[in-house]
């Protein structure tokens, strides 16, 4: 039997499991970076982590606080200019998985990280696009990780910063984007995947102990459930130890656990 | 040939009111000392370009140096918002700030195009995004061979770019190592370039294919030890993560921000004095 | 992950008749051993891409491997003409050779565009030159911001690129040092890539910003010591200038060329045996 | 008094004198490389030599046989990819002087290095463009060095590989090229410069001992002479010693004097 674990830990573990060993992953800072490094420290030792600041094949021992922490460079196979990261490696079609966070998503996996309210009279001004629009466009697959709530899973985005499946169906394909778009949204409550045909995200796995009602309440659209909703496997002892050790090392090094922004 | 001069003289001579200015450095090697000196000298009406505005632009925006910001991600990395940037955008304080917003891939390509002497860059970008709706400078063109629709964006050509690097030699050749970001491209895209360095040495000891800016491609080189703090300089000092966290409450409030700027920037004569004052204050805590 | 296999196996599996093939290396690190192996295996109907065709393509063209050549400067550097290239273009021997001709800046940009996943490159080129009159793939477009007329050329996307490098580690990560040419871009622009290396080592000892191709971006790595001869490998051996001069009379004449190819390439099983035979012949002189 | 010297030596020396100290020079292999290195070893120690293979600030002790000789890299301030040379350094507008050889030139300094006769049925197939078209277009100024003869200085080029002043007058300007185009042609007989207005190359300096008749005979068009034709200053002792030492070092290193192609 396992000890207890938090919903955040479940989220990170569930996200990390989606990265296959040897896959080439373009990593956003914060939750994606945490999940990707957990994957590298558990089942996917040969996952290749690329950060937009330039490191290719980073193997940090602690979580970076910024997208360009020194340890990313020191542990990388090589460090190239940022322009090259976007040109040769992302746009060049060499990224298997783009791993993104978000401020808000909608039911088609579109992402807003720009603004809440009117663009010119913002209610909340968010940081902006960063690398996300082109990661969302060009990575072969996209994974999204964020905590689920009514405010983050919204029916209609004020602003589409980075496109997922656009208006659903084959809308993304018609835009001419090379990548397949988001294939999973991993939250602290569940895993959602795009339904065949509509490409609307539906719940395919509930984390242990989470009810459908909790998910419905934490979603700003009329969330649907797949025919066979699984229960996410609990974090293993090995996963939890690896994650907690990583966070402890990070806290010892930085005085904080690593950003969840 | 680059002139080896003080940062004060470089900012006096090469940064003019109304200029388009890029201070680049991607988390690593952020030219903080130069942002302080620009504030000290009260430069005005600048159009600031930078992928990640970060603390350096939060400072300059809050101090009233900027009329426009061209950027692609505006946050305090690992901490939260840039409060001075948000206050300027949302409330127009201390003056209205026009923003022109891009993605990282766009601006990185736009610097590459600028360094390449081209008026625009072509990239696969923005399809399905709302950014082109709010930024009319993002256009689309069709490939003359395949018909594919691609984004076309104007190149970045600053009047002056400022970057920080590890070393220069006595001729003014500059060596950059570690996370390179877009600094080389930003420097080459600009009409003038100022490089602050950790130290000036006899011999760069640069590996053959290292990132070196030859002296004749640089306008001024200024020795400013720790000039990237609280960012870091690979091989010299680490990122001061605590300063990024401490910045949040300082910048959150107009009064505390003004007091900090008056005390630590306007109240010091250069970055060396700033560092001494800051260290003394931190010790006193 | 790159497979560490013999050059023979790599050419067997990854170079197909009819492929578009780029063997790159700008004077330095020319993949000569690979050109020999392609001849040995009798590959046919190749479209050869290379900025400077050089001896490697003179060999392959004379041996009947090529139906088309895409290039930007075709000479024996420091010596004179490439006789087999000229014989194929001027007399159609051993078979007609279609040529598609560019400038260096064009092909270098076209490789960069290929590595960048773009269908075309934009550059300031060819205004006033007759090359666009004989190469319909050179087009012009207008900048959507300034109206400037710029050249647009299709990107190079080879089926397979072959390059030579100094080192790979046991995982297949490749280090290139010295004159880099367009090799990294050519490898990244291709569907498949073969890298011959001087040696396979435990640790690349690469400087942080060195030119490294990660193993997962490479198809096959083959250890072929001196595999660039008569070109050179920085840190390993120098350019064999005499061989470039000796090549002139060999290639000038169809019979002497055929005899040389039969003896030294078709008459050897691999590049190691070739080198022994060549050394023995030179000693006997 | 000077000892004797050859017309080739006069040509190389006269060409080398055109490079100002500290100027940034994009160097073609062969005669341009020889003249540029002579300048570096005499009056212009800080001339910056850029070769298209990648070396920036090369300071070779012997003449390179190829555009990518190892010594160019070893003595350079940095070595960058070839794509970058053309993109950031040449097209970026950072080259003061493009120093070119040629197979043929015409009276407006247009260059042919592609073909003699019909392009599709060539009488002589030349090596092709190399870097010349864009050097000719984007360098702030262009110098051309080649031996003068009826066959190399022709009235009408079969093929314009690299444009000079096009059809003369302001034709080049109308093409929209950023650089000023060729400002001098240095031969073994004389120096030619573009006449103000017409931009037709006229003889402005005769090398010592060379007659107008020799120049007229060696030119395929009706060559004109400037109002004040100078006599080129003879090679100085220092220039000749430096050139001969350079050639001797080159012969010792390579077994040949360095290509004049």
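Note that the chains take the letters A, B, C and D in the order they are written out, and that residue 1 is the start of every chain.
Note that in this section a contact is a pair of C-beta atoms (placed from the backbone, for glycine too) under 8 Å apart; a residue touches a chain by one contact, two chains touch by 3 or more.
The chain list, named the UniProt way, goes like this: B, C = 3-oxoadipate CoA-transferase.
The model shown is predicted, which means the values in this text are computed figures rather than measured ones.
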Using the contact definition stated above, find the chains touching both chain A and chain B (3-oxoadipate CoA-transferase).
C
Please identify which chain has its centre, taken as the mean of its CA atoms, farthest from the centre of chain D.
A
Please state whether A-C or C-D has more C-beta contact pairs across its interface.
C-D
Report the inter-centroid distance (CA atoms only) between chain A and chain C (3-oxoadipate CoA-transferase) in whole Å.
41
Please report how many Å separate the Cα centroid of chain C (3-oxoadipate CoA-transferase) from that of chain D, as a whole number.
28
In whole angstrom, the CA-centroid distance of chain A from chain D equals 57
Can you pull out the residues of chain C (3-oxoadipate CoA-transferase) that are in contact with at least two other chains?
112, 117-118, 123-124, 148, 178, 180, 185, 208-211, 234
Shared interface positions of chain A, touching two or more other chains:
73, 79-80, 87, 91, 138, 178
Mind listing each pair of touching chains for me?
A-B, A-C, B-C, B-D, C-D
Given the complex, residues on chain A that touch chain C (3-oxoadipate CoA-transferase) span 22, 24, 46, 48, 56-57, 73-74, 76-80, 87-88, 91-94, 138, 178
Which residues, counting only chain C (3-oxoadipate CoA-transferase), touch chain D once they are in their complex?
26-28, 51-52, 71-75, 77-81, 85-86, 89-90, 101-105, 108-109, 111-112, 123-131, 134, 148-149, 178-182, 184-185, 211, 232, 234, 238-239, 241-242, 244-245
Residues of chain A defined as touching chain B (3-oxoadipate CoA-transferase) within the complex
29, 52-55, 65-70, 72-73, 79-83, 85-87, 90-91, 110, 114, 119-120, 122, 125, 127-134, 137-138, 159-163, 166, 172, 175-178, 254-256, 258-259, 261
Chain B (3-oxoadipate CoA-transferase) residues within the chain C (3-oxoadipate CoA-transferase) interface of the complex:
117-120, 122-124, 137, 139, 141, 143-146, 148, 150, 152, 154, 177-178, 180, 207-211, 234
So in the complex, which bits of chain C (3-oxoadipate CoA-transferase) are touching chain A?
1, 112, 115-118, 173, 185, 188, 206, 208-212, 214, 216-217
